[in-house]
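The following pair of complexes shares a single chain, chain A, combined with chain B in the former and chain C in the latter.
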Partner chain A sequence: MDEDGLLEEAYGLSQDQRAELLLGALVCVVVALLVAMIAFVFHEAWPSFAHNGVGWFGPGGSVDGQIQAIFTSGELNQVAVWTFHAWPLIWSTILITAAAVAIAFVGSLFVAVFMVEFAPDRLKRVLEPVVRLLASVPSVIYGLLGVLVIVPFIGDHLITEHEKASVTPVIQLSGSSVLAAVLILTVMIAPIMIAVFADGLRAVPRGWLEGSLALGINRWRTFWKVGVRTARPVLVAGTVLATARALGEAVMLSMVSGGVGFSPNPADGLIFLFEPSRPLAATIIANTEQLSSPPMKHTLYAIAAVLLFSAAMLSLIGWAAKQPMKRYGVIA
Partner chain B sequence: MSALGASLSPSQSPPGRRTGASPSWRLSDRIGLGFAWLLGLLFCAIAASIVLYFLIEGIQYLRPSLLVTNPTASVNESQTGGFLDPLLGTVIVALMAMAVAIPTGIGIAVWLSEFGRPSALARVTESCIEMLAGTPSVVLALFGTILFEAPALGFLSQTSRGIVLGQSFFAASAMLSLVGLPMVVATVREGLQVIPSHVREASYAVGKTKIATTRRVLLPAARPSLITGSMLGLGRVIGDTAVVLLLLGGTLTFSNANSTPVLGTLRGTGDTLTGYIYYNAPTGDGNQPSKAYAAAFVLMLIVLALNLGVDFALRRSRARLWN
Partner chain C sequence: MLRPMGAVMKGTTLRSKTRAFVIMAAVIPVLALPAAAAASTLFGSGSSAEQPILNVLFRGYNRQHHKIRFNFLPDGGNTGVKDVQAGRRLFAVNTRPPLPSDSRTTQFKLFLDGLCVAVNPSNRLSNLPIPQAKDIFTGVDTNWGQVGGSNLTTTIDPVGRNSSAGSYTFFQSAVLGGATQSSNVHPVTSDGLVATAVASDKNAIGYVGLAHSGKSSGVRTVKLNGVGCNAHNIKNESYPLFRFIWGVVPSTHASVQVEKFFDWVRTSKQAGQIISRAGAVPAFNK
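Up next, the complex of A and B:
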């Protein structure tokens, strides 16, 4: 205490104030690091956006060919090539993410309702750890499962020879497909949704449900009309969280979705489900060895910037969605 | 399945004998409940089949020798060795990343929950941490590749002919600590916030300072959530592949930077179990599924153990509810 006393006299700071300053400094350092990271990614991404303008997000030509040209120009110290039209990659990301989130949302909502309200106690006790386990299985294990089980199954049993022959001039249908990616991504993000949904549903005040039950509404209707409706902000928050995870999933999708920058067209009929594609995050993984070429580096950073921007927007939506819950005084 | 739901539903409907305007359990309600049962059981079945599949395949291919031999590149599966170095790599990376993430995370959580002034900074911190949680790890990895190529950070990795390689255990662990950090912050903060204020006031009343209260009373009380958060963060760190692929170099064995015993290894490149699985999957360069299965089995065991730990910690924290 002597030393403390001396310091207090010397600087006019108590032990508490010093601790607060120290922790505050730590927080400032971490926040500064994160802000610097965001600024740095956008700074590195800028050349690619600047050279392509809005066309960066649009369609045009073969995206794989463009990547190759960008890489070669930088590697051989030629005049840098910048032309890059990322639409096939963006479309693949949207298609796979939206399909997986939509399926997982419906499934997770039912499972969460079941887990919170209708499952027998013994099943409830099993379901909770199972959800947590599935949420923590590493994505590379899901990828391995996909590439060794799901992809060969789709390739051998679901795609007919006729379908394979019909698209041979353009792409090969091996089983690495949108369908495989969506299936595995759904299983990956469903546990995250279920965990968040279940927390929200549990936080619904018991009295509100009992009020409805007392009016003679049955448990099923009560829970959907009162419970699920009250928890709507949490449903949005959980969906946002799962969407962020799906958008950023790189390793599993690079293993399962097929490494071709091709945009499957739903107008072609159901065959688009069997066509390969490659989302944005998987493109970064697939091209890490080409970082040595400066224009390629900036192009990959531009992809990362798009992902980062989407993640920021999603967390903004999630934050906004949580506000009404706080107004009710329900904490979740 | 809907028959199962229908047969179960009457016992679960409220016992009242209401007649008239609102007949309980219409057909659509019964179908809905049946669907919920179906999906709940399907979810359990999927989980069980994934775990069982990897346990069965893993036991089939896992030999004790795999755990003590190092990988070597070969086309012949009998000569590619085991995965001692990737396994050690996972341990090293996890220890180093969590050694940074846990103290930092606790510090941030304590500041957010107990101090939090000025409130603008608190709000910025909250949104930054939330955004970090949503940031894809591949973006963090890409950021790391350039950050650690900076000459000023050259002492953390190898330098060859004046060019900093930027791939090392230090680099990967630093970025992985950012992957684990949000989990630790969120869980510890929640654990601190559920402690009622009278506990703090009791401590102040006997003359303890705020920081002493935090250290001696609040953190010990929040220990279960501290453990939970650390394990959840650890799970994320161990399972991450993107950072490992970009920042650890993906050399199958340790490739030391120099002959200094510990620092040389940490400054050198290596691999982890996730990187090894990626390498040996049919889409990777190694393409030896049996090795990938065996490594995935070991990784699954680690994840299962972590989950049991979380369950245990959660049960302890539920036993001590503040009322």
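Up next, the complex of A and C:
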């Protein structure tokens, strides 16, 4: 008689019940870790929000100057300085993320439609692995390509001396700019979107498309009006995923977006594209060496808390956007 | 008779399997201990400007004392001092003199170095008075036409460091007179990146340590107040931006091995040779 049989009799648990308990325990551990991490970040972030109030999110002076004041006050054991108005960083994040997602959405949708429906088989067999490979390239490689190729190109060939002279000494137009950041971020998030969109388009029931074709509607219109429309929840899911990645992109943007806390102003005309800025995640990276100063540490955690919160809000918006689509029986 | 699915090994029980696992879990770390005790790693952090020289010094010391290894994190001189104060690192290397805020640390002068001002080789500027360097980095002079001696007439692109760098603090006190550098200075995160940025932009000017401004760096250093940035002028302290490189240890319970290493760097002949070959200036070595 073996021991496992005895256990089974003693505790009354079969093997699959034990497996279920174990997996349930693992899930609880993961959820508990996530909740603990979020609680820790918000706890550490609280002093910075408490000292600044709602003004934390607004404009007010040079954000780089404020960061230096916060760091040196902690470093030189002076009275801690907490003043921080993060609007230039928030505006930079919104600008770069929204522009990249908008451009990537349009491009990725067309590429996905082509890849699923209209591409010849040979091309399909090449495109699909290539897209998946591109989606898994580490972002620092994009950053390196940006620093070595795109930024010098913009700096040497697109920015004129007249434009540079018109904005110095407030900012330096050096090629690391909104344009470089948006371009590289678009290329970075497009493969993810293409892969998700293509999966969704492939899941459209074949019978619906065939029925439409049988009624005499041409291929393009069928696919667009029936196929893409059915796949709208997947489009939303893909966009949310890509936006979350764009929001959290730190390494690449710290290399190509300019590194100064400045709010690019669309009213500046063409120069607006060449202005440097620095999104929230890149600010955390640029200042990690200053974590030793306590007020700086709390300020960086506050930035992290804002990023966590926006990721959560993004998921919520994605879920809410899919609700109206449920009416038509699509699997949302 | 059907064998129940739970029995894996014939003749073993659950209890004996658990016992075997516990014994293995206890023995393996014990076996790893002798291997770890053989070598000791000394963790330090600080100046990225001095990292090339420090790396050669670490290797040189390791050749004589095989059991001592070093791990150095170049997070900036000021951050290095904070690391030592907080007990995160055994030692730090900084490029600015001690401040009152460096309490609870003991600092040693190790060797001499200079902070050079460098321009792109296509810029014919050869001499820069210090007040004009201050004007450039505080945004008063914005065009190379305003700087005498330069053949360019384009906008100046200043490159500098951020506030975690000892080099920035030193430059701020020695050249800018305590003023913050202007917002059009492009802040990069390490000394080597300043040289890279200046080498790739013909309108750039930046402050970079002696080690990163040598012949192969792609930049050309300018004279400050007529004195060139080289080992000779730094040793006789005629170059205005000469600085001592300081080794920082905690005041209480400093590591004996670190103090021996610092003594070797300060006074031994081999360390002096390593320092001069690496591009800095030995100060006290025989």
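Rule of thumb we're sticking to: the second predicted complex is superposed on the first by the 308 of 332 C-alpha atoms of A that agree within 3 Å, B and C clash if a C-alpha of one lies under 4 Å from a C-alpha of the other, contacts with A are read in each partner's own complex, and residues count from 1 in each chain.
Criterion: a residue touches a chain if its C-beta (ideal position, glycine included) is under 8 Å from a C-beta of that chain, and two chains touch if they have at least 3 such contacts.
A quick note: this is a predicted structure, and the numbers were derived from the prediction, not measured.
Legend: residue contacts after superposition of the two complexes on their common chain; A:264 is shown touching neither chain B nor chain C. In the superposition on chain A, A:155 contacts chain C only, with no contact to chain B. Comparing chain B with chain C, the partner in contact with more residues of chain A is B. In the superposed model, A:295 lies in contact with neither chain B nor chain C.
When the two complexes are overlaid on their common chain A, residue A:219 makes contact with chain B while staying clear of chain C.
Once chain A of one complex is fitted onto chain A of the other, the partner contacts of A:15 extend to both chain B and chain C. In the superposition on chain A, contact is made by A:187 with chain B only, not with chain C. Contacts of A:113 after superposition on the shared chain: chain B is touched, whereas chain C is not.
In the superposed model, A:279 lies in contact with neither chain B nor chain C.
Residues 15, 259 of chain A lie in contact with chain B in one complex and with chain C in the other. Contacts from chain A toward chain B in the complex involve residues 14-16, 19-20, 23-24, 26-28, 30-31, 34-35, 37, 40-41, 44, 107, 110-111, 113-115, 118-119, 123, 126-127, 129-134, 136-141, 143-145, 147-149, 187, 190, 194, 213, 216-221, 224, 241, 244, 247-251, 254-255, 259, 281, 284-285, 288, 291, 297, 300-301, 304, 307-308, 311-312, 314-315, 318-319. Of all residues in chain B, only 9, 12-14, 16, 18, 22, 24-25, 29, 32-33, 35-37, 39-40, 43-44, 46-47, 50-51, 53-54, 104, 107-108, 110-112, 115, 117, 121, 124-125, 127-128, 130-140, 142-143, 145-147, 181, 209-212, 214, 232, 235-236, 238-242, 245-246, 274, 277-278, 281-283, 289, 292-293, 296, 299-300, 303-304, 306-307, 310-311 touch chain A in the complex they form. Residues of chain C that touch chain A in their complex: 4-7, 13-15, 75-76, 78-79, 82-83, 86, 99-101, 103, 139-140, 142-143, 154-158, 162-164, 180, 182-189, 200-201.
Touching chain C in their complex are the following residues of chain A: 2-5, 7-8, 15, 62, 64-65, 67-68, 71-72, 75-77, 152, 155, 161, 164-165, 168-172, 174, 176, 259-260, 262, 286-287, 289-290, 292-293.
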